[in-house]
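Common to both upcoming complexes is chain A, partnered first by chain B, then by chain C.
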Partner chain A sequence: MSDSIDIINAFALMTNFVIIPAISYGSQLALGALAVTLVYSVLRFSNFAQGDSMAFGTMIVILLTGFMINQGWIISGIPTALLVIPIAIIGTAIYLLSMDRLVYKFYRTRVKPKTITFCIASIGVMFVTGGLVRFIIGPRPQTFADGERFIFSVREFKAFTGLEQGIALKTSQFLTITIAILLVAFVFYFLQKTKTGKAMRAYSDNEELALLSGINPDKVVQVTWLLVAALTTIAGALYGLDKGFSPQQYHLLLLPIFASVIVGGIGSPLGAIAGAFLISFSEVLLTYAYKKFLIYLLPLSMHPNSLVQLIGTEYKYAISFVILVIVLLIRPTGIFKGKVLHDYG
Partner chain B sequence: MDNQNNIWQTNRTIISFSIMALVLLLVGFNQSWALVLGIVNLCLISAIMALGVNIQWGYAGLFNVGIMGFAALGGVSVVLVSQQPVVEAVEAGGLKILLALTLGVITVATGVFLHKRRFNKWLIILVVLIGYLVTRYYFSDATKVIEKVNPALEGYLGGLGIHVMFSWIVGGLVAAGAAWSIGKITLGLRADYLAIATLGISEIILYIVKNEDWLVRGVKNVAGLSRPVPYEVNLQNSDWFQNMVSWIYSSSLELLPLADQANQLSQYVRESSVVFVKLCYSGLFITILVAMILLANLALDSPWGRKVRAIRDNEVAASAMGKNIKRQHLQIFVIGSAIVGVAGALLVTYNGTFVPTSYQPLRFTFLIWVMVIVGGSGNNLGSVIGAFIIWFLWIQSGPMGIWAVEVISNFMQEGSSTVEFMKSRVHFLKLVFMGSILLLVMRFSPAGILPEKNKQM
Partner chain C sequence: MAYLEGVNLVAAYGVVPILHECSVEVEKGELAVIVGPNGAGKSTVMRVLLGMLEATSGSVTLEGKDISRLSTQERISLGLAFVPQNKNVFPSMTVEENLEMGAFLRTDDIKKTMEEVYNLFPILYEKRRQLAEELSGGQRQQVAFGRAMMTQPSVMLLDEPTAGVSPIVMDEIFSNILDVRDAGMAVLMVEQNAQQALNIADKGYVLVSGRNEHTGTGRELINDPEVRKKFLGG
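After this line comes the complex of A and B, so read on.
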């Protein structure tokens, strides 16, 4: 390694190990956070079952992927999981809708439903879903990515640019970012422009006025669950393609997802996305070891001996929690003002 | 039929406890008394934990999803209070760790102080960051030194070497402290923020316990904790115990030929010593549980209890009457969490080992919630019966699942792969089973087995 200051290589290193992973992780979180936000705005509770629902959707993706590969129905180069996502969404939607019918609907039709009752019910659903997932697919971690692994690899990048540090773009990362942008654009278009989306927003803003103007609440709720199923399955599948699937890992994703939602401002879709990227960048930036990066930027005499890692990777879930606490202390409404006032429901 | 229903309505408590006792006696006669006492002891500990949660949920409507974390804090306290100190480690790194912790406290205190004085927030961030880096530098140095001391057996600071019963109180206090800081931040905001924050803090407590080896040895576990009751081996060798056992079994011993009597007696002594130790624990746990229930019921019938319920049932009206809701909620949250902490300490004392990996959200947080809801939220005795029923079902649901698979396998061909698959996975259906119980009770009998008394005042 040279002893002179080398900004370009430092930047390449940062891009490869911090920026690209953080953007792709942030996109996965954003989709999950958007699902929580939708449930929160329309059904008015924090859905604790989100992480395990993601595991459920991913489980269907994995099972279908295995089936497709067995049958030889694959397109070379493209992850098979991508082909089966639409069917998995339908499966997840059926599951979520039946959970709504069996569990949540009863409390919704009560005279004065309490938010907290829904929360407890969603914790019940969380454990039922988690148990089903572990029963069907087992508790062990597994990977299901196939096809081309890289859009471009470190070696190709180095050969192309002649830099010392290479940048790689994994297929899963490329897919995550592209699909997340498309999906978020679709959700926003749907909420802003379509009649059903407007009905959902109206129902979310003021339930009684919405009912008065002839909006069908059952339809609003069903459409919400359909959107949630799509977001949940895709977020889960993309996370799994990127980092591998394990039921426990997905269960724990609940924490950064909730943190994203609250940091962004609960109930605000835009806030959920902003919060997700804030959380993902903090997690990656704080657990990254800066030794190599600093070696590129500092003169030889100042080169660090230690890893220069701010927080050990084992505490990465603690980061989202600490951010959550700081936001609750300083600005409980979140970045984009959400609904945080005490609810006397 | 109507008459029978009336008897059930008026004597719910007695009937449900009698049925539970009968079931336990049945298991005792059919299987073994040591087994039953093992179940009963865990039921009692769960009942104390459920009592703590019931105080939070039933008295104040506070939704705590971090029971696991508070129980783990109780367990940590047992290790830190009752274990003998590791002198070599304390000499090597005790001062260093103290220095690091002091630096950490100073950093936090300075941050809070500057924030209160409304200094520029970037300055605060800079100060805290520098403080953090300095602390971390000394801290990692200290932990390295401590963890190097005899890592196979020790590698941690050990405890204070005080009697284990004292650690139960400490466990309660530590859990109370954690609850206070969480409650201070989240109470007064939306109700589900508390749930999310407690969920987060419990996972983080577990991460700390598993990763900070210098504190409680991390995932290497701490075994051989001191206990408040005699050891089986000592009992077997003591005269009074042998005499007592031979007196109890005298009738059955007399029937045997003399040659076999000594053999048979020593077997009885072995069996009885296990039962005796478990009985001692039962006695301790029952005393604690009864004392707590008496105190809780007294508190609930006092003016304080009426205020608490008034706030729960109508916050707007209560705050219009000049009641400080946030302070009241904080108080109850701290009390409930302290009780959970005590129960966590009792559990670790009873097990005799501290195993961080045994803390699963399902086993602690969720199961306790099912106990409270099934038993009847707001009713302390309800939590107790809920704890007994749910723990019993939880223990028995494993064998029941295997049995169900075997029944199903009778209808299928020999050695089918499906049966093997189901046998290896059937225990995951426990989650589904418990989740379904919770959802069914919430839906069809939201008041639980023993509903709260004098709800309408």
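After this line comes the complex of A and C, so read on.
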């Protein structure tokens, strides 16, 4: 290792271990946060079942992937999961729509339903969904990524650039970022430009006036669940390809997702995405061990002896909460001026 | 039989009775006004006519057809339009999107109706790309009115269209309402500004505690000494 200051290698190190993973994780959170935002805006409750719904969608992806590989229906180089996502979305949509029909609709059709009722009901749906997933696929962690593992590996990067530090781009990371951009663009286009999307916004803005304009609330609710199913399944599958699947892990994803939504501004789709990246970068930056990075940047005499890790990775969920508390204290409306929490009731 | 009729309407919010055999009717090309003290059930009449509140007895007919059992949406598609008193725009949508939403059920070209609305309210054309929440109270009222016009209704129901606007804007709104009436629409309006409203009304209803207390042409009611004393401040 050189003893001079080496900015390029320091930057390569940062890119490989912080920037790319954080962008990838942030994209996965953003899709989940967008789903929570849609449910919040249109159905007016915070969906506690989001994490477990992602587990449900991913479970279908895993089962279908296994089936496809068994049958030999694979395209070399491409993760099989990618091929089965559309079918998994349909499966998740059917599940979410059934839950809506069985649970949420019952409360929605009552006179003056309270938001908190739906929140508590969604906690029930969360436990049922989580249980169902564990029952069907088991509680153990699983990996289901096949195909080419890297777009380019550390070794290839080093050989190409001659740098001491390499940068790798995993297929799952590349897919995550590309698909997230496309999906977010689609959702925004849908909400801003299509008649159905505008009807969803109108219903979210003023339910009674939407009804008076002839907008069918049942259809708005159905389309919302369809979009949520797509976002949920894709977010879950991408997270699983990147980091592996386990029901417990997905259940806990609810925490950073809720933090993203609140930090960004409740009810604001753009805020949800901004919040997701704020949370992901905070998590990765605060749990990264900076020893090597500092060795590149500091003269020999100042090289650190410790790992220079601010917070242990086991505390990463606490980071979401600290950010959450700070935002609620300083700017309760979130970055993008969403609704304040007490508007819930 | 009048174009839109509510006959002997009885309605309650939960167990609290609001309307006791109250009747209203309006013809095409006619402006009918409902006035009365607070809590008389004026807005409730509209909600019942629209099917937003179910009447326990009585009937609502449109062109002689009973529509009492139809949902709000079905009544909207038959040509009823409603401008609520408050929360009558989509705040986070642009003026143009508000108008588009008004035409949600239509499958034909809505450009022409939109032009008509812009001709009626030129300021809305200037602000068509602005969010409704950024507009003044009077302009918002115009958006609300325009949104209702976009359905190309045959009946327009207005709940206190001049609430909270300046006297100048009030005159403007009343003149818009008369334009719409003259174009052949049936207009039924609930108003707090009883004097001004009865002045332009073809027909007036004074509602007290959910009952028809006085009925007549606008002029008759204004000249009725009892109505003057009780409701118009002498």
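In this section, the second predicted complex is superposed on the first by the 341 of 345 C-alpha atoms of A that agree within 3 Å, B and C clash if a C-alpha of one lies under 4 Å from a C-alpha of the other, contacts with A are read in each partner's own complex, and residues count from 1 in each chain.
Here, a contact is a pair of C-beta atoms (placed from the backbone, for glycine too) under 8 Å apart; a residue touches a chain by one contact, two chains touch by 3 or more.
Quantities reported herein were computed from a predicted structural model and do not represent experimental measurements.
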First (chain B), second (chain C), both or neither touched by A:Thr15: neither
First (chain B), second (chain C), both or neither touched by A:Thr117: first
Chain B versus chain C as contact partner of A:Ala318, first or second or both or neither: first
First, second, both or neither for A:Thr287, with chain B first and chain C second: neither
In the superposition, chain B vs chain C on chain A residues touched: B
Touched partner set for A:Thr196, first chain B, second chain C, both or neither: neither
First (chain B), second (chain C), both or neither touched by A:Ser153: neither
Which superposed partner A:Ile215 touches (first chain B, second chain C, both, neither): second
Chain C-facing residues of chain A, complex: 195, 198-199, 201-202, 205-206, 208-216
Of chain B, residues touching chain A in the complex: 61, 63, 65, 132-133, 185-186, 188-193, 195-197, 199-201, 203-204, 207, 210-211, 315-316, 362, 366, 369, 373, 425-426, 428-436, 438-439, 442-443
Of chain C, residues touching chain A in the complex: 50, 52, 72-73, 76-77, 81-82, 84, 87-93, 97, 100-102, 104-105, 147, 151
Parts of chain A lying in touch with chain B, wherever the complex brings them together: 45-46, 48, 102-103, 106, 115-117, 119-121, 123-128, 130-132, 134-136, 138-139, 252, 254-255, 258-259, 262, 266, 310, 312, 314-315, 317-318, 320-321, 324-325, 328-329, 332, 339-344
